[in-house]
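Look for subunit A in each of the two complexes below; its partner is subunit B in the first and subunit C in the second.
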Partner chain A sequence: MALLLRGARVAVLAAFGVFFVGPLLWLVLAPTKSDHELVSRGPFTFGSIHHVALAWKHLYAFSDHIYLTWIGNSLLYAVTATAIVLVTAIPAGYCLALGSFPGRRLVLTLTLVVMMMPAAALVLPIFLELNALHLIGSVLSVILPFAFFPFGVNLAYIYYSTALPRELLDAARVDGCGEWGTFRRVALPLAKPVVALVLFFSFVSDWNNFFLPYTVLGDSKQYPIQVGLSTLLSSTPSFNPAVGGGGQQVGIFRPELALATLVAVVPVAIVFMLSQRSLVRGLVGGGVKE
Partner chain B sequence: MKQRRLWPAVVVTALAFVSACGGSSGSGSAKDGITVWVDAARLPAAQAYAKAHPDKKVHVVTFDGDGNGATTLQTKIQLWNRSGKGWPDVIFSEQANDPVWMAKAPFDFAAPLEKLIPENVRSQWPQTSTAQCTVGGKQVCLQDNLAQVVLWVNKKQMEAFGYTVPTTWQDWAALGEKVAKEHPGYIVGNIGDSFSHWIYLWGNQCPLQQLEGDKVKIDPTDDHCTRAAALFDPLIKNGTLPPLSVFTPDFAKKYGGAQDKVLLMPGPSWYAQAVFDQALHVPAGEMTAANPLQWGSESPVTTGQVGGGPWIISKHSKNSAAAADFVTWVTTVFNPTGKDARPGYPAYAPLAEKWLQALASNPYFAADPTPALKTAADQVWAGWNLVTYPDQPVWSDKVVTKMVAGDSLSSLLPTLGSALGDAAKAAGYSVVGN
Partner chain C sequence: MRVARSRGLHGWRGFAFVVPYLIVLVAFGILPVLYAVKLAFTTDGGGWAGFRNFTHSAGDYRFMSALGHVLVFTSVWLSLLIVFVVTLALLLHGRASRSSAAYRFLYYIPGALAGAASVLVWLFMLDPSVSPGSFFVHHVLGAHLFVESIAPGKLPLIFAMIAFWTGAGGWVVVMYGALNTIPQELEDAARIDGAGPLTLALRIKLPLIRKWIAYMVILSFATGTQLFVEPQLVNQASLGMVPDTWSSNQLAYQLAFRYADFNSAAAISVDLLAIGLLGAVVIISRTGLFKVES
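The block that comes next holds the complex of A and B.
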């Protein structure tokens, strides 16, 4: 009976594993095959490195090397906005957790409400605001809205209100630290895990945002990678028959598209690996009180 | 200590980035040049214009082309209208019906061409092409290419099986019945694409979007529709006219490449490269084109069209003369050869002549396809008009999915007519004949 149960457990886990890993594996193997091999050979067969190089050559040549520009733009938008988020969200969370000022509860509630609103719902009012400020089409029209990250404030607030012993802060004050000094010398160094957490979530959220840049940017050379990928998708005849015979000259087929998607994930993977240790600590921080 | 040094650096870097990049230029009309929006396939044409005119400032923006049901241009134009700036001077769209809504409120984007491009130039487009670009009596676009439907033929396979190329829909259907018995698995067409009704019903004069002033006639009970559907149904049932899309991996696996099971396929002019060579990987030396199929002995012979991307000039352009010069050049002069040759049949007749000459010697074809393409260019049925609402999703949703489930096309025509009628009414048309 125990053996049967164990077998069933393994079978269920294996089924879920195959279900989730299958598409990922297919995506990783797709650029190793030609477009024709992609439909004629087995889905999980390995083609050749030569095809990866060829797919990269086509991808690199697309619209005068615009793919790298898109990656660069995404890095610029995500890194800059995340830097602003870190500078603003961590102190804000600290103040909300440990400070006492009129309207604190209201700010906290608003942070939660805005956090729960879908980002797309705010795009039109943001567009009108940016238009009034004559920022449409500039990089600020992406970076400034990205820098508004209430989830980061909330994360910092939760961390400071649950995981940081107030006695430590009191000790700093007794030793002569002012409020700023207490935050900078004690609270901030101790908040490494939450800083990593906010950094990761903010970066990923900015990196993956499609709708806002799609709406406010008017020049393909300013697009971030997510908007660029949609352009690549529509240049692939399999996904957009309307591209007609021009698709052959554009040179973007399913393997190129798969490679573009994979490369676009690399920066997120790097940020994840860099912040991994702190992330795990941050996620469980405050979970147990001794 | 490390942390103390890090924070000011981050702030300074962020501010430096922001201030350095804040003034980056967006798109939009400029007094000293023009901004053009093109899809990736039309980028070489725009770049070639810029290269040939070094004295002119051309800012090229690539976008998704608005094809395949995208609403990029509707979104963008509404946002530009809202902000009162940002409109490009010229747009190329993959969607043939885009000029129709672009010329109307609330978009109000497309400029009439009568005063921008001389009549002696515009008259070189086929009458059916000009008709598709005419909205409310004014011409608002020039089509880049024609996408007239011809009968694509796998000459090698047809000869191997001893079949003759049909000239009428009835002969074609009879051959489909024969193929089902003698060579099961081979096909004489496919009817599962989002645009298949433009191939099979447009060409057969089925009035599903026929404009009569402000009204649109949608009559799926018309004899032209019902008799065509009745002819197709047995072939859909016996598998020689599958309700599958040519662009799906399944289709390529079943009928393309080594299988090489496409005997015949009614389809637009751009199928040669985009479908047979690129999607199905039919080897060189097999395909050619035959004239559009005739309905019995009825004349004139009419055919459908799938595509014909238009160039549109913005009525907000501050440099409309330069915009018109650009559109004229890319449609009447741009004609590279070899691997860079234009992928579609040029709509401008004198350019089409040159393009056909080059195509005639293309080694991909088993026989010269140009006579058929040329014949079909003037046979596109003018009774099928472009409308502001998208009809392709309606066809896919109400017909293709049901045909896959086993329903006959004949039984689905009333549903199609009703759904198209709803779409037309939602777009503000009065509907007749439904």
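The block that comes next holds the complex of A and C.
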């Protein structure tokens, strides 16, 4: 009986393992096959490297190598916005944790509330606001909203209020550091782990965001990769038969679409896996702190 | 003590550290909400409209069906999350071992895919001609062609599965972490009293992670109501068989973009914001997991 239960447990866990990883394994192998081979050969077989090169050639040629432009745009938006997030969030978390200025509780509460709200809920309101300011279609209409990242402030706040000994800061002040000097020479270097966390989360959430850039950008040359993928989807005949002959011309078929998806997620996936532990600490930090 | 008080970040002195953040908080957190509320309660010309934009947008022939879609999707997704995330976390916690960590890691990987990428992966999975799960596509979804897989009646289930696939692993890890905070002595005592692994899981562990389950449910409910990317991409892949106003957020988007009816779009946005805000307030005030004061 006990053996049977143990067997059932392993079976359930393994089945879910297949469910979670199977689609990704398929995605990694798909570009090694031609569109025809994708249908005729087993889903988890390896084709040849030659097909990957061919798929990349087609993808690169698509619309004047716009694929690389999209990747470049995603990098530009995510890196710039994340830089602003670091400059705004770390000092704010520091001051919210260790300072006491009028309105501190209000700022903390607002930060927590916005952090707990689904990001998508703010997209159309932000669009309406930017539209009134005539900023629609500008690169800034993506970067500036991305620069608001309450989760990062909360991470810094939790870190500074739990992990940093106040005596250390007092010592620095006694030694004649001003407030800014104390932050820059003592508090900031000690916060390296949290700076890395904020950097990572902000970058990933910007890289993966679809709704905001889709809403505020008009020109396909400005698209980040997530929105670009939707354009590629519309150009793939097996998903959009309307392209039909057009598909032949642009050379985008299922292997190309799979390769495009893979290239778009691999950088994030690698960093993501490396930081699993910190992610969880960040997610539960507010709850389990003593 | 007085000397120490006069030093440090007290009073207005520390304020400079928060100012840059306050600017983005106000510009992209608070002002958009206020502006959307203002638009929702005014007319095209800027006059007071009362609740007319709300009744007008709610009276749109697509409003109720979009709301229905979103609610069905959210219910299916929440059921999947509650049943399977809790089951998997309890199974993994039952016998802590190296394989338990490996499973948690595997379940978590799809979390890296969000936005359009996860939807594209699942469009492949739903294409019976290339899918490794074509057996399930044939027999569970009853589809032999890609267009049959994304028939309108199946969409809530499909979107729920995509959302589950990307997010469940993260929640398993969170629940597992919550289970780890249960004191060992409690488990030992129950074991001495003759509790088997099943009793232990259901009678001792489950009640102790209730708060976290509530947190997951509320947060996911609020997120689920905002659905946009999935139906938008399926609309593109289905030749318009799936309407571009399938979800409430899509309807708001179309009202703004196709009809330039910003006031009605703002009204729907405010409906959705209210749901998100309610969820956030309930989590913060009721679960006790997030405290403002340390």
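One rule holds for everything that comes next: the second predicted complex is superposed on the first by the 249 of 290 C-alpha atoms of A that agree within 3 Å, B and C clash if a C-alpha of one lies under 4 Å from a C-alpha of the other, contacts with A are read in each partner's own complex, and residues count from 1 in each chain.
Methods note: contacts are C-beta pairs under 8 Å (C-beta built on N, C-alpha and C of every residue); 3 or more make two chains touch, one makes a residue touch a chain.
Predicted model only: the values in this text are computed from it and were never measured.
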| item | value |
| --- | --- |
| Simultaneous placement of subunit C and subunit B on subunit A, clash or fit | clash |
| Which of subunit B and subunit C A:Leu38 touches, first, second, both or neither | both |
| First, second, both or neither for A:Ser220, with subunit B first and subunit C second | first |
| Which superposed partner A:Phe272 touches (first subunit B, second subunit C, both, neither) | second |
| Which of subunit B and subunit C A:Phe127 touches, first, second, both or neither | both |
| Contacts of A:Val87 with subunit B and subunit C, given as first, second, both or neither | both |
| More subunit A residues in contact - subunit B or subunit C | C |
| First (subunit B), second (subunit C), both or neither touched by A:Leu188 | first |
| Set intersection of subunit A contacts, subunit C complex versus subunit B complex | 38-39, 84, 87, 127-128, 131, 215, 230, 233-234, 238-242 |
| Subunit B-facing residues of subunit A, complex | 35-36, 38-40, 62-64, 66, 76, 79-80, 83-84, 86-87, 127-128, 131, 136-140, 143, 184, 188-189, 215, 217-222, 230-231, 233-235, 237-250, 252-253 |
| Residues of subunit A touching subunit C in the complex | 5, 9, 12-13, 16-17, 19-24, 26-27, 30, 38-39, 43-44, 84, 87-89, 91-92, 94-102, 105, 107-118, 120-129, 131-132, 144-145, 147-148, 150, 153, 161-162, 169-170, 173, 179, 183, 204, 208-211, 214-215, 226-227, 229-230, 233-234, 238-242, 254, 257-258, 261, 264-265, 268-269, 272-273, 276, 279-280, 283-284, 286-289 |
| Sites on subunit C touched by subunit A in the complex | 4, 7-18, 20-25, 27-33, 35-36, 39, 84, 87-88, 91-92, 94-95, 99, 103, 105-117, 120-125, 127, 129-134, 146, 165, 168-170, 173-174, 177-178, 181, 197, 212, 215, 219, 222-223, 225-226, 228-229, 232-233, 236-237, 239, 249, 252-253, 256, 262, 265-266, 268-269, 272-273, 275-277, 279-281, 283-284, 289-294 |
| Subunit B residues touching subunit A - in the complex, by the definition given at the top | 3-4, 7, 10-11, 13-14, 17-18, 21-28, 39-44, 47, 59, 61-65, 67-68, 70, 75-76, 79, 82-83, 85-86, 94-95, 145, 147, 193-195, 245-249, 252-253, 256-258, 268, 270, 272-274, 277-279, 281, 307, 309, 339-340, 343-344 |
